[in-house]
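Below, each structure is written out as structure tokens.
You will see two complexes here that share chain A, one where it goes with chain B and one where it goes with chain C.
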Partner chain A sequence: MSHPPGRPNDGSLPPGATARSAEAAPMNAAAAARSRSGLGARALLHVVIIVALLLVPVLFRQQEFLLGLFVKMFLGVTVLMGFLIILGFSKQFSLGQVAIYGIGAYIAANLTTNLGIGFFPALLVSGLVAGVIGGLIAIPGARFVGPWLALVTFAFAEIVRILMARLKPLTGGSVGFRNIPRPEIFGYRFSGEADYYFLFLALALFAYLVTLRFRHSPYGRIALAIGDNPDIAASLGVNVFRQRIFAFFVGSVLAGIAGAAFAGYTTYISPESFGLAHTIQYLTMLVVGGLESIPGALLAVVFFTFSHNQLMKWHPWDLILDGFIILLFMNLLPRGIGGLITDLRQRWALRRGAGTKEQR
Partner chain B sequence: MSALLEVRDVHVHFGGVRAVDGVSFDVQEGTISGLIGPNGSGKTSTFNLITGFYSAKAGAITFGGEPIIGRAPHEIARRGIVRTFQNVALQPDRTVLENVMLGMYCNRPSMWRDLFDTRRARRDEERALEILEFCGLFELRAALSRNVPIGLRHTAELARALAASPRLLLLDEPWAGLNSAESSALVRTVRRIRDSKVTVLVVEHNMKVIMEICDRITVLDAGRKIADGTPAEVRADPAVIRSYLGTAGH
Partner chain C sequence: MELDLGLLANQVVWGVMVGISYTLLAMAFSLIFATSNTINFAIGEFAMLTAYICYTALSKLPVGFVGAALLSMVAIAALAMLLERIAFRRLYDLDPILILIGTIGLSSIIKNLVLIAWGPYSMSFPRYFPVEPVMIGPLLIIPQNVVVVSVGLAAMVGFHLFMTRTRLGTAMRATAQNIRGATLVGINPRFCVNLSWGLGAVMAGIAGVMIAFTYNISVDMGGASGLKGFTSAILGGFGNLPASMAGGVVLGMVENASAEIFSHEYKDVVAFAVIVLILLFKPSGLFARADGARRI
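Right after this comes the complex of A and B.
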């Protein structure tokens, strides 16, 4: 990296700035200590949750239904993390997330059933192809913003749905694609819910880690800035067009992988599973989760997976109750679960800050 | 010696309105230059031209000897021209520190490495804190931008622009709405920026400040340049007195 003469590079600017004022230094140390203890608590929380999730299939091995519910939840997490990157972070109002997820499912179904490729290589290929397709949508999409992008991606989702029903040799038409082989690893063929439980837990963890790293890297800050105001980002040297496409690519890879795993789980897919209604469900989860909050989105998936399951008993009233719950959420928590988490954290930090001041 | 920035006969038209109508001026390296004029005289439009937010109908702009007209805003920023906005454009729901860190990704080589190397983020944060301290905003680092006092918001934006390591910094009315203490603090900051070898071009209505800090001033009126020179020359120019100082007060 070459700097033109006179252009300050790292460290040389601003001069004298390194001499931190005396009062600022202890404050900074205190802030560092606080964030370090916060880091410890966070790591502990992660370990506890993961251990608990690993114990679930051991403790409830016989309860296939419960494990199936967890599988549904992990699947939701994987798709929603991708949606979070596209819509939540970079505010690209896409309605195509489930269509891309469906594309992943059909690609994997074709690869494993017709070409005899193994499940895991097919998972990888489906993810990448879905990512590329997502990136391609983002190219015209990056010229449109807000409601216009929603329209473009809505049209895309409809086209995909119609193609699924019409391209019979590849999709089985509207009756669906049957007899997709179950995943196999080192000669062991998946059978019970517990097997799938671990597969989908691994996928959800992968999606979570990708999203977490994305969010806290320059990519995430840039995506959020583009969402806030693309002119700001461009004025600071960000190639807004490219970063929008990249966010779309990453989010679509996660959707594609989720779709491929779904095909291997149900062994039967049809266009019905990939309609717009499903995208709206994910959209609802994002909004209730706080739009750009990772923990908020996770809690929203957990909540809606289990609430849908409870409400199902009262069908068809469940749909009305579902709408009522969303209304309630939006009234009580307009900034979603993520907003609540931020507020609680801030209050906690303030109380701690006040405590240290008194000690001094 | 050729100037760092050369603007030659540029035009911006909106339908029949000639917002910028054949403006030419130079900005010399290492100076603080001013661009002044009554409301609607084309100052911000000129900024938008230089930074690529508007495309010019005709004319030429060169930066460090290289033509930059027709380039996208991010390409111009990467060449070293970074701006602030007239209507302060911070990310309201992010902290001041997060806002400044956004500036550090201008010209970042192999950004994908950041996904694996977390030490890079720590170094970024250190440097962003240094810049905040340089601008006198260290205490506000953890505040959300929406909670930053109005008088300091433009300074926060300036800190973000500095994070992008500019060679030329364009400031659009940074003194608007500042009280006198904030105003003189910003004067000191801008001078220190100039002393650290960053050239500054500023649009401003506050005549007292402009006359105090600028090495050279270009005066626009109705999209045309009417005067150009040192503060003393500009102040004495009859065309300036007639069209600007004469009507807008002293």
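Right after this comes the complex of A and C.
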């Protein structure tokens, strides 16, 4: 890739950053400026956050409740990252993310309880099966735009919910599936919240990295292009159908893994954990995060995990509040926190650019 | 399993009845889809809310059945138009996905407010018409259901006449076809979109009251009946009103016949499987016209 004509290369690049800014060249000037100045800062931010997260269970070892909240947050990140790939990037309106997450949970529960397979192989298998199921649902929807997929996946989610309550031998019926064995690694059996903390942190990091990698790979750019305008993308030679199914597959794998880990964490799952209300919670997070933005989605998960925990006592007012938040953000800030971050960054980059010119 | 033909026939009659309420929902979906280009997930909740308002009016106010029904229809229409004005008017230029999420959020708000106001228990409607069944040949006919069906049919026909024979209805169809074109010939598209929400809510409300009469009312009826409405709208062909009518009746019959043939537990699964199958094999709907023209 080369610099587009007309964009001045002022030669002030730090030597290490040239390759990256060349890669980012087709983006706009602000984005290029961002990658020039922000690379070090962003890496630093990542390191600080990860170190802080690693320190939490060391510092708060006794506070099981707090660690449990963090586990919920990491779980939310894993599911939401998958949702972001499907709905945010490639604009496939799925309402089935929580159902797929539930399928992952039930598959893992069956594998570990009835077949005696270890937790980690079960995690892999449930992730893959969930991915394949996700890809299959995407097939009818991938041919159409927007709302039709919402219907297919909504119907799918309802069917899954009914089957969870009815297929008693596999799911335990509406009472739920009990006594799922806890994960075991090299003979060490998970017990306290701190053990799960590290497991779910690893999962969330994995989901984050997959999403980041997806976003900045050709797949992610193609997905965004398809989301913007499938016809133009198709006319440029993109196989829209295949890309949509691939995005759905990746997002569903993440959901399936999250579900399997959830089953190993709670040791008890029931259809109630996988209802439409949960889908609405994730939708709220996506809207607040800004649909296309990874940092926005992460901030939304952090905020909503802790706020839902506070608001749970006032159920069902928390669900009403979710609805209001969706409508408010849509009317006042349709690009969400992510859009806000992008705007601020761009303004900052422009101001910096102007400043350096004056100096010269 | 021995199939009892008389029982099956009864299920079909029952299906026609339920199908008419689905049809009204399908018409509401189609209408709002045509004018504001979004599937409105809150339609089912509009139906549910109307049933609850009607229930309260029937049991608390001395207005009689007609009064209570009219009151709840006016209330739901006013609410829907207000909501469109406040919360959705600014969204039409955005990504349709966002509007769709907005209607999902709205449905969550309505559902949970109803849950708080009326409680989680399902309630049976006060009996207003005779419910003792009358046998006509092998068919069991409940007089109350005859009234319900006639009201539903009248609403369907009235709506169709309004859309095709009045100036306002024509203006709304024009808005649905091409907003800019409609503006050019002097139609106020904003008003038409707003009105379509009110009218859609009324259709959904009639369906809600019909369902309330035939079954009970519960907070969960919105989601299920909403989905059935979608299914019939798709079955017929989205945005095509006469076809949606046929779709609703077909769905109601298929659903009840399958409940008889398979098991009652999987009745909803059949309805939802229909969505997937139709979208896979005949996405334009069973009754789509060959030229693909959209009519409302």
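Criterion: the second predicted complex is superposed on the first by the 304 of 360 C-alpha atoms of A that agree within 3 Å, B and C clash if a C-alpha of one lies under 4 Å from a C-alpha of the other, contacts with A are read in each partner's own complex, and residues count from 1 in each chain.
Note that in this section contacts are C-beta pairs under 8 Å (C-beta built on N, C-alpha and C of every residue); 3 or more make two chains touch, one makes a residue touch a chain.
Note that this is a predicted model, so its numbers are computed, not measured.
A.B. asks: Touch check for A:235: first (chain B), second (chain C), both, or neither?
C.D. replies: First partner only.
A.B. asks: Name the contact category of A:162: first (chain B only), second (chain C only), both, or neither.
C.D. replies: Second partner only.
A.B. asks: Once the structures are superposed on A, label A:327 by its partner contacts, choosing first (chain B), second (chain C), both or neither.
C.D. replies: So A:327 only meets chain C here.
A.B. asks: Tell me the contact category for A:216 with respect to chain B and chain C: first, second, both or neither.
C.D. replies: first
A.B. asks: Examine A:152 and indicate which partner it touches, taking first as chain B and second as chain C; both and neither are also allowed.
C.D. replies: second
A.B. asks: After superposition on the shared chain, which partner residues are touched by A:39: those of chain B (first), chain C (second), both, or neither?
C.D. replies: Neither chain B nor chain C is touched by A:39.
A.B. asks: Answer with first, second, both or neither: which of chain B and chain C does A:225 touch in the superposed model?
C.D. replies: Only chain B; A:225 stays clear of chain C.
A.B. asks: Of the residues on chain A, which ones does chain B touch that chain C also touches?
C.D. replies: After superposing on chain A, no chain A residue contacts both chain B and chain C.
A.B. asks: What residues of chain A sit close enough to touch chain C in their complex?
C.D. replies: Residues in contact with chain C: 87, 91, 93, 95, 139-141, 143-144, 146-148, 150-152, 154-156, 158-159, 162-163, 166, 276-277, 280, 283-284, 286-287, 291, 316-317, 319-320, 322-327, 330-331, 334.
A.B. asks: Would you pull the chain A residues touching chain B in the complex into a rising list?
C.D. replies: Touch list, chain A to chain B: 1, 3-4, 6-18, 20-21, 24, 28, 31, 213-214, 216-219, 221-222, 224-225, 228-229, 231-240.
A.B. asks: Going by the contact rule set out above, which residues of chain C touch chain A in the complex?
C.D. replies: Against chain A, chain C makes touches at 33, 38-39, 87, 90-91, 94-102, 104-109, 111-113, 115-116, 223, 227, 230-231, 234, 265-266, 268-269, 272-273, 275-276, 279-280, 283.
A.B. asks: Quick check: in the complex, which residue numbers of chain B touch chain A?
C.D. replies: Checking each residue of chain B against chain A gives 29-30, 51, 53, 64, 72-74, 77-78, 80, 82-83, 85, 89-94, 98, 101-109, 111, 114-115, 121, 127, 129-131, 133-134, 138-139, 142, 160-162, 164-167, 192-193, 195-198.
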